[in-house]
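For reference, the structures are reproduced in the following blocks.
In the two assemblies presented below, subunit A is common to both, partnered first by subunit B and then by subunit C.
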Partner chain A sequence: MRTFIDHLVLVVERDLRMLLQYKLFLVLRWLWFFMQVVIFGLAISYLVVVSDYINYYAAGIYVATLYSTSMFIAFDIQEEAEHGVVDYLLSLPINRRVLIVGRAIGGGLRSILATLPPLIFVLIMIGVRDILTLLYASIGLLLLSFGMAGLAITIVSVLKSGDKVDILLGAIDAFIIRLSTVFYPRAFMPPYYSAISVLNPLTHASELFRWGLGLPSEGDPIFSLFILLAFMLSMTTVGILLYERRMEGGGWT
Partner chain B sequence: MVSSNIIYIIERDVRQFFKYRWWMAGLISMNLADIFILAIVFTNLIQRLKYFEFVLPGIVVLALFASAFTIGREVSIEIRRKIHYYILSLPFSDWEVILGRVIAGSIRGLIYSSPLLLLALVFSPLPNTILLLAIPPILFILSLGISSLAIFLATVIKNFDAYITMRGLLYFLLIFNSTVFYPLSVFERLPQPIYYIAVANPITHAADLLRDILQQGIIYMDRLLYLTLFSMIFLLVSSFLYLKAIRQ
Partner chain C sequence: MDGSVAVRVIDLTKYYGKFLAVDHINLEIYDREIFGFLGPNGAGKTTTLLMLTTVLRPSEGNAYIYGYDIKGHPDKVRQFIGMAFQDPKLYWIHTPYEILLWHAKVCGYRGAKAKEVVEDVLKSLDMFEARKKRAFELSGGMRKRVEIAKIFIQKPRLAIFDEPTTQIDVSGKHKIWDMIKALRDEGSTIILATNELYEADILSDRVAIIYRGRIAALGTPRELKDTIPGGDVLEIEFASPLPNSVLVDIEAFKQVQRVVVEDSRLEIYLNEVEKVLPRVVSLLIERGVSVKSVHMREPSLDDVFMHYTGARLREGE
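Here is the complex of A and B:
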């Protein structure tokens, strides 16, 4: 058991350290977030009929940033596969399952770490009304982060091709954010988009986060947390099983 | 003879553009999602203007910007890896290479934004159809300026990571600080530096020019002049910098 935990910590630590490789990417992501809120959010808030839209938008765009950072592990795994690092990882005296579970945990944790500055910005901007409510909502963010890392691992394990991963992640990125309540309340969506957005984990994370910040929310916090938990468990399990099965035998292109 | 050499270079660069099919697929998804989801929902959220009609020309300009900018990435890689020595070994003059590349970048922008322009035509009132003939040259002028700006950035910033970062920053700055998504009147309520950037931003002028033609049936010559000036200045500066870089 001791070895299991030691190895797990080692794998998670490696993934967290890899964050430092992406200094420029992170700075760019933070600046993108900052400009989205300060320019786009502020400008559009003068046009929309929703009151206090800038705070609504800032909370949503944080969830979008967390989502896209969590998905980034797909590119990492893809690159490792292309450069033969997978074979190196397989040669290590670490249990295969520990290696894979560690990657899933590391992927989720580093997304939270990588988005800390935007999170702090949002907390300062909107303010914290009730710390316990916020902590409850933060569990939802953690679940989203782990679930998205699981989804990214699933996609990269199934496709095994850099080009296909790029196109699918681009398409998912385009639609998953816009078909959620990241940018706008469900009440303003046409029924066909609203129906899809109910199934979208980004909707539940956004609503839960807004609720945690004391902003008007369209969701039920318990239901949203349940959906996010189900999403995290299913995606992580599928991701781990597929990655484990596909890791061996090469075939990554 | 001179023109046929430039055409060879343009043809090569345009062919190269279609190798980015995965990148294009991602961009197409993003643009379509912006039009058919984001614009539709924001139309319900915004009562002061017909947002769907408003944002369509903006998205055409946004798409043109992203695609015309791709030439900068190639120039940056070529300068860094010294591939331009190979290009210079070909029977083309330096100026033919430079002009060919800038024009190819512009054509990329036109090619990519054309389907979106057709969509904008379908959903716009088009009060003056004769003026529609002015759209391709206007988009070409903008595209020329954007591809020149991309080459300018590629020649000034030698480090590839720094280039990628600057490209991203410039993209956010020029797109968010323009009238692609919201009218200029909104900027008057934002901090002054943001307003001044929006006023000086060529993307603002291009988006408004397109909007004016599609929705009002007019062209403001001062906007066109500003856009042309921007493109000519960057065409000249980037050409000289590119020339300097490849002759080193």
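Here is the complex of A and C:
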């Protein structure tokens, strides 16, 4: 008889293995990242007044890449649903909470793995000044990716429609990146944008990562980590509750 | 089949919006029996099975799987259940081997044993050569075999097959039927949903005829056939004259509904033909009638379906 932990590991393993199926997608994504940093980032750094903007930009765009990769699990779940795989998963002798927590962890972990080459690139480019602060910041990145995977699962569980998921994720993407400090510091935002950006987990992840890299940062690392932890816990909890409500005995269709 | 109840279904009902898909079904399925759900597409078979599997929540009523109710203890229920879905549930980028190995691990196999059991089942279902193809590269029949293979790996206490042999070739069907029987012999209770008459007839210990969300009839295939008045037909050709007294005596059997004599041929419409046949033949021989040939014809489950629903199963109407 398998235990909860065994099943959790199997669910996580399944999502991690899924990553191996997207080799071309990953390579293209990494290519896009390098191009974005070495061409766009470099060019834009000559235009802006912020000193060392290329490093600021590289750290920010890594967080943005991590975010969008974490959200990608929504498309996997949506596609699985269209192939009827969700019904199969729901019929298995796996506790439904274990299933969703496992998928959130799997989605988060695979995002970290999928963005490992860009992360290494950024670390080499900027350099590591203090390994402990970097490790501390990395916890924040993990929390962000688990929380985003939980948010993605929540969205796809509620909408149950590929088109609607596409539209909503596109809309979220447009706002969450632009209303954060991924690309520009809060000091350069209009006050109302700045106020909103404080609530944005991407802001806290970006600032925490910059702090971990020894770059100038606008946030308090402890507060940022707390916000990211709260974001992860709330997204996973909401995901579990909605998933259970919508899926437990409700099926996909 | 040992007579203890594996599944007890009480007023199980499912609405999709205002559409009533399953209408207050009540039945019991015994441990280690093969229980068939026979009905056309859209009759409510799959919806019923999805409720038993806890994938769908009943709108009303409940069901108990080995004592655990599907609403209150879905996790417990799923410990007993394995379901092979009507449409194979395979993610297009995965290979049969990956799909089944993961399934085996979820069902409790570990390490080398998991690989061994997956390879054995793949070989049994003539799938071993195709084990590394991706799901989207497989034919419909092959995809169906992967879906069914999950259950033969899992060997659940309650195995549910939803139209297990659609898209499968004839030799494959026979192999799967043998494997389903073997699974029952190893201790599993089987629920088989099908719209194939022959499959339901040869596999099922008991059959529930389901139509428009309701159980129209339930019994062994033999019992169901016997419920059609005069459903069996006994055709006897004779070479010598037939005395009237013989006809009177034949009509006196309680199972006989109608007797028709045409030239040198006697047609007897009756029930329980296997009981009556030896008595009729003895009677004819005793009265000196020379019998040339005897032909026995049973009603099919399609006749049973027609009798209870007024529709032909083949047409689904």
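Just so it is clear, the second predicted complex is superposed on the first by the 245 of 253 C-alpha atoms of A that agree within 3 Å, B and C clash if a C-alpha of one lies under 4 Å from a C-alpha of the other, contacts with A are read in each partner's own complex, and residues count from 1 in each chain.
In this text, contacts are C-beta pairs under 8 Å (C-beta built on N, C-alpha and C of every residue); 3 or more make two chains touch, one makes a residue touch a chain.
Keep in mind that this is a model prediction, so the values were computed, not measured.
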Item to complete: Could you tell me if A:Leu179 is touching subunit B, subunit C, both of them or neither one (first, second, both, neither)?
Response: first
Item to complete: Identify the partner contact of A:Ala195: answer first if only subunit B is touched, second if only subunit C is, both if each is, neither if none is.
Response: neither
Worksheet entry | Superposition-derived comparison: subunit B or subunit C, residues of subunit A touched | B
Item to complete: Considering only touches as defined above, state whether A:Leu31 meets subunit B (first), subunit C (second), both or neither.
Response: first
Discussion item. If we overlay the two complexes on their shared chain A, which of subunit B and subunit C does A:Val49 touch? Say first, second, both or neither.
Written reply: first
Discussion item. So in the superposed three-chain picture, is A:Asn95 touching just subunit B, just subunit C, both, or none of them (first/second/both/neither)?
Written reply: second
Discussion item. By the touch definition at the top of the document, which applies to A:Gln21: first (subunit B), second (subunit C), both, or neither?
Written reply: second
Practice prompt. Could you say whether A:Glu79 touches subunit B, subunit C, both of them, or neither, answering first, second, both or neither?
Written response: second
Worksheet item: Both subunit B and subunit C contact which residues of subunit A?
Response: none
Worksheet entry | Interface residues, subunit A side, partner subunit B - complex | 24, 27-28, 31-32, 35-36, 38-40, 42-44, 46-50, 163, 166-167, 169-171, 173-175, 178-179, 183-184, 188-190, 193
Worksheet item: Of all residues in subunit A, which touch subunit C in the complex?
Response: 1-2, 7, 10, 13-14, 17-18, 21, 79-80, 83-85, 87-88, 90-96, 248-251
Practice prompt. In the complex, go through subunit C and note every residue touching subunit A.
Written response: 50, 53-58, 71, 74-75, 78-79, 81-83, 85, 87-94, 98, 102-103, 105-108
Item to complete: Could you please specify the touching residues of subunit B with respect to subunit A in the complex?
Response: 22-23, 25-27, 29-30, 32-34, 37-38, 40-42, 44-49, 51, 161-162, 164-165, 168-169, 172-173, 176-177, 181-182, 186-187, 189-190, 194
